[in-house]
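Here come two complexes built around chain A, the first alongside chain B, the second alongside chain C.
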Partner chain A sequence: MIDHKELYQHYRKLLIEHMERKSEKTLYNGQLFSRQMMENGVSPEDVLSLHIDVIKEFYPHMDEKFQSAFDFLLEAMIGYGLAYREHQNLRYKQRQLESEIDIAADVQQSLLVGEVPHYDFLDIGVISRPAKRMSGDYYHFVKDEQNCLSVAIADVIGKGIPAALCMSMIKYAMDSEPEQRTKPGAVLENLNRVVEQNVDPSMFITMFYGLYNESQHRLYFASAGHEPGFYYSSNKDEFQELIAKGRVLGLDRSTKYREYEKNIDVGDMVILFSDGVTECRTEKGFIERDEIVRLIRQRMHLSSQEIVDGVYKELERLQDFQLRDDFTLIILKREV
Partner chain B sequence: MNIAPNRVEIHNEWDIVRARQSGRERAKELGFGHVDQARIATAISELARNIYLYAKHGEIIISVIDGEKRGISIIAEDNGPGIRDLRKAMEDGYTTSGGLGAGLPGVKRLMDDFDIVSEEGQGTKITAKKYLR
Partner chain C sequence: MNLNILHEKKVDGGELLTISGELDAYTAPKLKETILPLVDVERASVTLDLKDTDYMDSTGIGVIIAAYKQSCKRNGTLVVQNLTPRVSRLFDITGLSEIITIDDIKKEETT
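Now for the complex of A and B:
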């Protein structure tokens, strides 16, 4: 807080300057003064009181009614002063909250960003970006001893902090799955029970779980209501829907998940994503799935990582750099 | 100076004005400046209005603090319904007036010391003090 006397002298000087040589410059000084006051947390009623004191000094025989009018104004300003102080306090609280969220987002990122395993036969690309600070998307790769790859992608319906909290639980549940994951359907059935038991019924989670068997070059997969991905056949040079049916996680604890499979030839691709990819909204409406296929096709000569990065950049630009939903895109391409 | 505490019973809006006036006069006698007088009067107003609105009746006791630090003490006491969640009531933006800075957090800001004791179903006692600088 600055000293009252100092403040008084300063205000007095500026006010006299203005009263004697009224100009835009003296008014500008007044504006600068108000900034300085606010920086020092001086309330409006204090400024008014300075003003009254200076005026009284100049007009010691001020008309009594005139003086009462000032008192009235001062009284009316007290409420504004309170609102001003409350605003300062709320701003401080907001900054605190934001820094808490920043920390939480960092913690979450460290949960989310798992290592992407490396294989000679498979080129993997991943991108995952939250719409806000925290993400409700989750992906996960595990390489087991048999050189099998399990890949999971999950999407908590909803976004922001509640979705992120829920996502952390999925991560934990996935980590407590046994190392040997042979049956995608069984993995989803397990998770479904965990979600049904632990998550608020208003929250839904969709998930795709796949197991890539290296010796067979076959993908076994199951889906819990997850946005269907694509399968690209290099033979036919064509993109197909990677259809798998199943209820979203958490609806009913006895849900069974059917297992599907697909042979993967050299040059084939499996493309998985969260609905933040298909729900990209541009001026012309939602992005069509065909549009995503087109964006991928344009980049097929690139590495999987370059493809997902490129598609993300393009979609980000199409929606004016404002993601409306968490965005996760995964591409697996068989190399040899 | 008369340092006997001044009690104002609160039953209606007119009593709120009397409590304010009593507080302002006492503050003036003590040598509080114009702004502080207005602040003290506003704090009394808020406390008295709460009594009037939520407890129907109670009293405001205004007294002089004549210790090491001189100042004014305001006690607002009632046997009304009490405040269940004090933490909430003291939170900025919680008041029914929609967070214009007034209400109990406002009283706390206007004064130097603020203490509240409240028991559900028994009543509320708020003590607020302001010292001369």
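Now for the complex of A and C:
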């Protein structure tokens, strides 16, 4: 807290300077003073009362009407003082909330960021960026004893904290059923029951789940209403939609998920993403899926990680660096 | 962009909601407030016309799912009609088109 006497002397000095040598500089000192007062939590009516005290010192015989007018102004300023204190209070609470969100975001980050496994036969690239502080997108990779890779990508409806909380639930539900990892349809059926039981009726989750079998070089997969990815065939040099039908998680308790499979040859790619990639909006409208294919094609000579980074940077630029939705893009490329 | 909801009574006594504009995270709560009380009535018949819905994101789908679930609980019917190609694709991907009745009648008679 500032000492009242000191404050009085300081204000008095500035005011005299201004009254005697009126200039831009002396006026500007007033501005600096108000900033200093705000930093120290001095309210507007306290500054006004300071002003009245200094004036009274100079003009001890001030007209009584002037004095009354000052008293009136002081009363009129009290509302501003209250608003100012409320603002201070809210700022304090906001800082508290922000630091809680920071902690939550860190916790989420540590849940989300699993290590990307390394394989000689498969080049994996992944990028995941939240639109706000916390993400409703989720991905995971698990390498099992048979050298199979399970890959999941999920998108919780909405953004921010509610989506992030829901995502954490999915993460734990998946971790608790390791024995089912090899059956994509069964994984989704179980998760569907978890989501249906535990989540608000308007909340739902889309998910793609795949299992890459190394000995067969075949991808087994199922989808719960997730935005279809792409499959790139190096033989035909063409991109196809990786179609898998299935209802979103949380819609209907008894949903069964069909399992699909695809042979993966050397040079083939599997591209998975969240709808934050296809819902990119620019001044000209939405980015079409063909545009995503074009961006990937331009970078096919690069590693999977360089491709996803490059596509992200390009789409971020097209949206003026403002992501509207959480963004996750995964590429698996068979090397040998 | 805004969302406008026109609420009318159909000749058969059912409720008709015509949505125009964009249905996204900002506007979806408005539809939620309007549609949930309508489907929360025993054997209610509610039709959602989306012919002027230019854009819908997953939050919009979430509201329709919530309305569908509530309507099932109360033995009612929820019909969605006149989907634009973009919205229709979203219904197909999410599997909603398999469980919700979709009509393509261009204009229903209203009272």
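Operating definition for what follows: the second predicted complex is superposed on the first by the 334 of 336 C-alpha atoms of A that agree within 3 Å, B and C clash if a C-alpha of one lies under 4 Å from a C-alpha of the other, contacts with A are read in each partner's own complex, and residues count from 1 in each chain.
Assume contacts are C-beta pairs under 8 Å (C-beta built on N, C-alpha and C of every residue); 3 or more make two chains touch, one makes a residue touch a chain.
Values in this document were obtained by computation on a predicted structure and should not be read as measured data.
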item: Contacts of A:74 with chain B and chain C, given as first, second, both or neither; value: first
item: First (chain B), second (chain C), both or neither touched by A:49; value: first
item: Touching partner for A:90 - first (chain B), second (chain C), both, neither; value: first
item: Partner chain in contact with A:306 - chain B first, chain C second, else both or neither; value: neither
item: Partner chain in contact with A:252 - chain B first, chain C second, else both or neither; value: second
item: Greater residue coverage of chain A in the superposed arrangement, chain B or chain C; value: C
item: Touching partner for A:155 - first (chain B), second (chain C), both, neither; value: second
item: Chain B partner contacts - residues on chain A that touch it in the complex; value: 45-46, 49, 52, 71, 74-75, 78-79, 81-87, 89-90, 93
item: Residues of chain C that touch chain A when the two form their complex; value: 25, 32, 57-59, 61-63, 65-66, 69-70, 93-96, 98-99
item: Complex contact set, residues of chain B against chain A; value: 33-35, 38-39, 41-42, 92-93, 99-102, 105-106, 109-110
item: Complex interface listing, chain A residues touching chain C; value: 155, 157-159, 200-204, 206, 224-228, 245-248, 250-252, 255, 275, 279, 325
